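What follows is a set of structures for review.
The following pair of complexes shares a single chain, chain A, combined with chain B in the former and chain C in the latter.
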Partner chain A sequence: MIGRVLLALAAAVLVAFLASPDSFAAVFEPFTRNNAPPIYRQTPLWSLTLSHLTLVALAVVASTVVALVLAVLVTRPAGREFLPLARTITSVGQTFPPVAVLALAVPIMGFGAGPTLVALFLYGLLPVFENTLAGLTTQPPNVTEAARGMGLTPRQRLWQVELPLALPVILGGMRLTAVISLGTATIGSTVAARTLGEVIIAGLLSANTAFVLQGGLVVGIIAVLIHEGFQALERRARARIGQA
Partner chain B sequence: MIDIQNLTRIYDGRAAVDDVSLTVEAGQIAALVGTSGSGKTTLLRMINRLVEPSSGRVLIDGQDTRQVAPHLLRRRIGYAIQGHGLFPHRTVGQNIATVPRLLGWDQAAIRDRVDELLTLFQMEPDQFRDRMPHELSGGQQQRVGVARALAAKPDLLLMDEPFGALDPVIRAKAQADLRDIQRRLGTTLILVTHDMEEAVTLGDRIAVMDKGRLAQYAPPTEILTAPATPFVRDLIGLDQRPFHLLSLTPAHVLAREGQAEGPALPRDATLRDALAECLWSGRDALPVEGGGVITLAALRAQAAPQARAAE
Partner chain C sequence: MRPRLDRPGLLFAIVGLAGLALPLVQFKPNRIVPGEGLTLPAALPWGWPLLLTLAAVLVAGCLRWPSVLRLGAAAAGLLTVLLALGAAATHLTPPDDTLARVAPAAGFWLMALAFALMLADALARMNPALWLRWLILAGAVASMGVLLASGALDGVSVMREYAARQDIFLREARAHLTLAFGSLTLALLVGLPLGVALYQARRLRGPVLSVLNILQTIPSLALFGVMIPIFGWIAANVPGAAQAGVAGIGLFPALVALFLYSLLPVVSNTLTGLTGVNPATREAAIGLGLTQPQLLVQVLIPLALPVLLAAVRIVLVQNIGLAVIAGLIGGGGFGTFVFQGLNQTAMDLVLLGALPTIALALIAGIALDLLVRSSRRTA
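Moving on to the complex of A and B:
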């Protein structure tokens, strides 16, 4: 209950701040020196937030689709031998630092949102892949047996039984991917992607702590909200199939 | 009629089921019993091709099961397993509707069938149709599992330890209900169990499996009085033999003219119930509902295999 109130409060503060940053100038004033501006004004904060979220959403959707398809393929009898390969691909995606991906992608794709999207996509594959794999391979044996015994085809079993039962775990993977991407997207601003990282970097370059703080806070609050949102979805999906 | 011919399944060079042949007449119940690892479940699963036989064949009403695609074959055969295997994300009604939906029945027919089955299994349709499986008791889940297996009106029903997860009181009731429903629908039933008592209570014939082979396939009386191998005798349990035997006969069959004191035995009670009642109430004779009495002496004669052989 207290958690809900705090979340609602955080969401309200966030919306108010994005709608009218200048009203919060007094709050950030103490963190500035030499009469530097307390609020970032080069680009409207709400517009940076929107493009940040769009970038993250695109990356999460892309990595979810690819990771889901991979996990489904390697759990089918015909695709089982590709499991080690798929594992390697997704874990390399996670091991390779996003900064390095940016550095490598810029010469090919140029500056802008493209390299960031690639970095986030690769970084987000692993959680969804591993969770989907776990969800699909730990189905209750008697449910699988009943589904086969009643004459569901493999495809019907996948869509009507396996994926619905794996849904809570898949959502858990998406939650991880979304939260990681949200934070990682900030470094996209180093290669000119329009994200909230722009505010933080501007603050670091001009030694303006107020900028760093407001950029960080906005990203942080959104991360917490997304995390909680996914958890609520997971709880609902779990309750539906009778898991506590 | 189910005709199993020389069915064999080899796993890693070992035969889990070894050249088993048996026939189940339409409308009859065959109980497959044996210890764990005896191959009884593998044999059952070969009938709906959840396991493919290494050799041999199964004929259902004369048709070789290999001529039908496995998933189409399975939609024609009811299948209920231990722990029910209900789909946890679907309501009771949706679970029961599974096979009719696969077969493309129209919505109205499916709805009618779901309600009909819920009523048959003594669950109020309005109250249970939209519940989730995890909201039901174990006994209710098991009944929904059997109802789902019967939904598309299969002529053949396969059950693998369907009552294994139930406590003894509910199990006895579930067995009686199943027997009742099976008789009413005329469904052929093949049932796997490790419980000899369940096999004796339900089976028209009992198939005893031992290390993949069929040790004996005979009516319960014959299994009890003339076990074919030492294994069959051990499986029955010498201490349980007379009680199993008595449980096969309803009380009214043995009722004779006479007088007896005390409360009457229900007409459909078994001789085993009669014996228990005699011992418990200290009476030598019991009246039976609908006339006649059963005496302890008659029960003793009935329970002794020697006496039966002499008849």
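Moving on to the complex of A and C:
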């Protein structure tokens, strides 16, 4: 209960801050030196937040769709041959540092939102894929037997039994992907993507802690809200399939 | 018997053949201007026979072969592609030209990817014993070391960037390792006792874990940035802090940021490991008259070891990657090259920072996976 109140409070502060950053100037004033501006004004914060979130949302949706399709394919009889390879790629791929992936995308894509999107997409594939795979391969055998016994076709089994059973785990993968993408997107501003990282980097370059704090706080609060939001969805999905 | 088609092999062949068709290297008159792409036959005097051989191996890979044979073919292919890159660089760079750069291009990366995938697939199918896996890892690391030391790749752009700043590279490599391993050590020193304490104080678990959880969701860039003023202030205002090495710039704030990120995996895995021990085992140990500390040291921790090692893996791989961001706040490490390169649009310099980071993370990840496995066997 306290957790929910705190979350609602954080969300309210976030919205108020983005709607009218200047009314919070007094809060950030103590963190500036030599009369530096306490609030970042080069670009409106709400528009940076919006483009940050758009980037993350696009990446998460794209990587979820692709990862789901791939995970379903390698767990069907026709794709089984790819299963060992898929497992190796996911475990090895996740050791690739997101920042390195981002930096390597630049020579191919040039500067801007492109490489950030590609890096977020590629990096986001793995948690969803790994979790979907785990969800689809560790189903209680009696349930799958029952579904088969009821005469469901493979397609019906997938949609009505296997995917709903795997949903909580899939959502867990999406949560990881979203939180990682949110953090990695801030680094995207070093390759000229328009994200909240711009505020933090401006703060680092001009030694203005107020900028670093406001950029960090906005992304941090959004990250916590997304994290909690997905966990609530996971709980609901678990309740639906009878795992409390 | 008719030879059967191997579908993963077909995938590798498509990727690899696409790589053969695309430029192997990029020739640039200097390190910043965009270059001209050259395919394998254009880049090497013996390019055509080499191209045909590689294509033949890739096509042959579409059929079923014993996994050992595939493993050998994949390793040989990977080595050939690397050597071809090195040879092309030496061949294309005019003598005495210090400005020209020969950088790996899309064709090289795709071919390397195809053979690496083939290698990974063969290994996954062979499912080798633990000792053999260690041997393969050591062999791979050693052969990469020999290849780099042999000078065969010295003409390649990344290696020329390295040659131009050997001393700095070694310094940043040390800084990177200090950041990754130093923060891991700190996290273990604090996280293990904290995990044990939470195991005993059930009521504190929820609050402490949610604080650590929130810490983990803060974007790394922000956490790194916030550390600077905090420690700057402490160094300036707390007597003795500056003498003890606390500083607002340099390695210190980055080390602390990484340490904070590492706490959650260590604490939560310690807790999971300890609570996962079979209650019957615990009861038996208590029945034997073991005191609480004895129980912890002689029974619980050894049984929880695989889960603890898994935390070490998570933390180490994560910190090797995150330490790159230290380069942005003057904390050193390979990130210095990455961000310098991005600023100067010198992609070879970006590679000089990114490739060692990836290699380090890969080796750490694989080695610790093997350790986790062997500890599971003994636990």
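One rule holds for everything that comes next: the second predicted complex is superposed on the first by the 238 of 244 C-alpha atoms of A that agree within 3 Å, B and C clash if a C-alpha of one lies under 4 Å from a C-alpha of the other, contacts with A are read in each partner's own complex, and residues count from 1 in each chain.
FYI, contacts are C-beta pairs under 8 Å (C-beta built on N, C-alpha and C of every residue); 3 or more make two chains touch, one makes a residue touch a chain.
Just so we're clear, the structure is a prediction, and the values are computed from it rather than from any experiment.
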Side-by-side fit of chain B and chain C on chain A, or clash: fit
Touched chain A residues, chain B compared with chain C: C
Chain B versus chain C as contact partner of A:Ala62, first or second or both or neither: neither
Touched partner set for A:Leu233, first chain B, second chain C, both or neither: neither
Touching partner for A:Val143 - first (chain B), second (chain C), both, neither: first
Vertex chain A, arms to chain B and chain C (CA centres, degrees, nearest 10): 100
Partner chain in contact with A:Gly216 - chain B first, chain C second, else both or neither: second
Chain B versus chain C as contact partner of A:Pro84, first or second or both or neither: second
Chain B versus chain C as contact partner of A:Gly151, first or second or both or neither: first
Which of chain B and chain C A:Phe31 touches, first, second, both or neither: second
Touched partner set for A:Met109, first chain B, second chain C, both or neither: neither
After superposition on chain A, the shortest CA separation from chain B to chain C (Å): 21
Residues of chain A touching chain B in the complex: 140, 142-143, 145-153, 156, 160-161, 164-165, 240-243
Chain C contact footprint on chain A (complex, rising order): 3, 31, 81-82, 84-85, 87-89, 91-92, 94-100, 103-104, 106-108, 111, 179, 182-183, 186-187, 190-191, 197, 200-201, 203-204, 209, 212-213, 215-217, 219-220, 223-224, 227
List of chain C residues in touch with chain A within their complex: 6-8, 11, 106, 117, 120-121, 123-125, 210, 213-214, 217-223, 225-226, 228-229, 317, 320-322, 324-325, 328-329, 335, 338-339, 341-342, 345, 347, 350-351, 353-354, 357-358, 361-362, 364-366, 369
Residue numbers on chain B that touch chain A, as the complex places them: 48, 50, 70-76, 79, 81-89, 98-99, 102, 132-135, 145, 148-149, 158
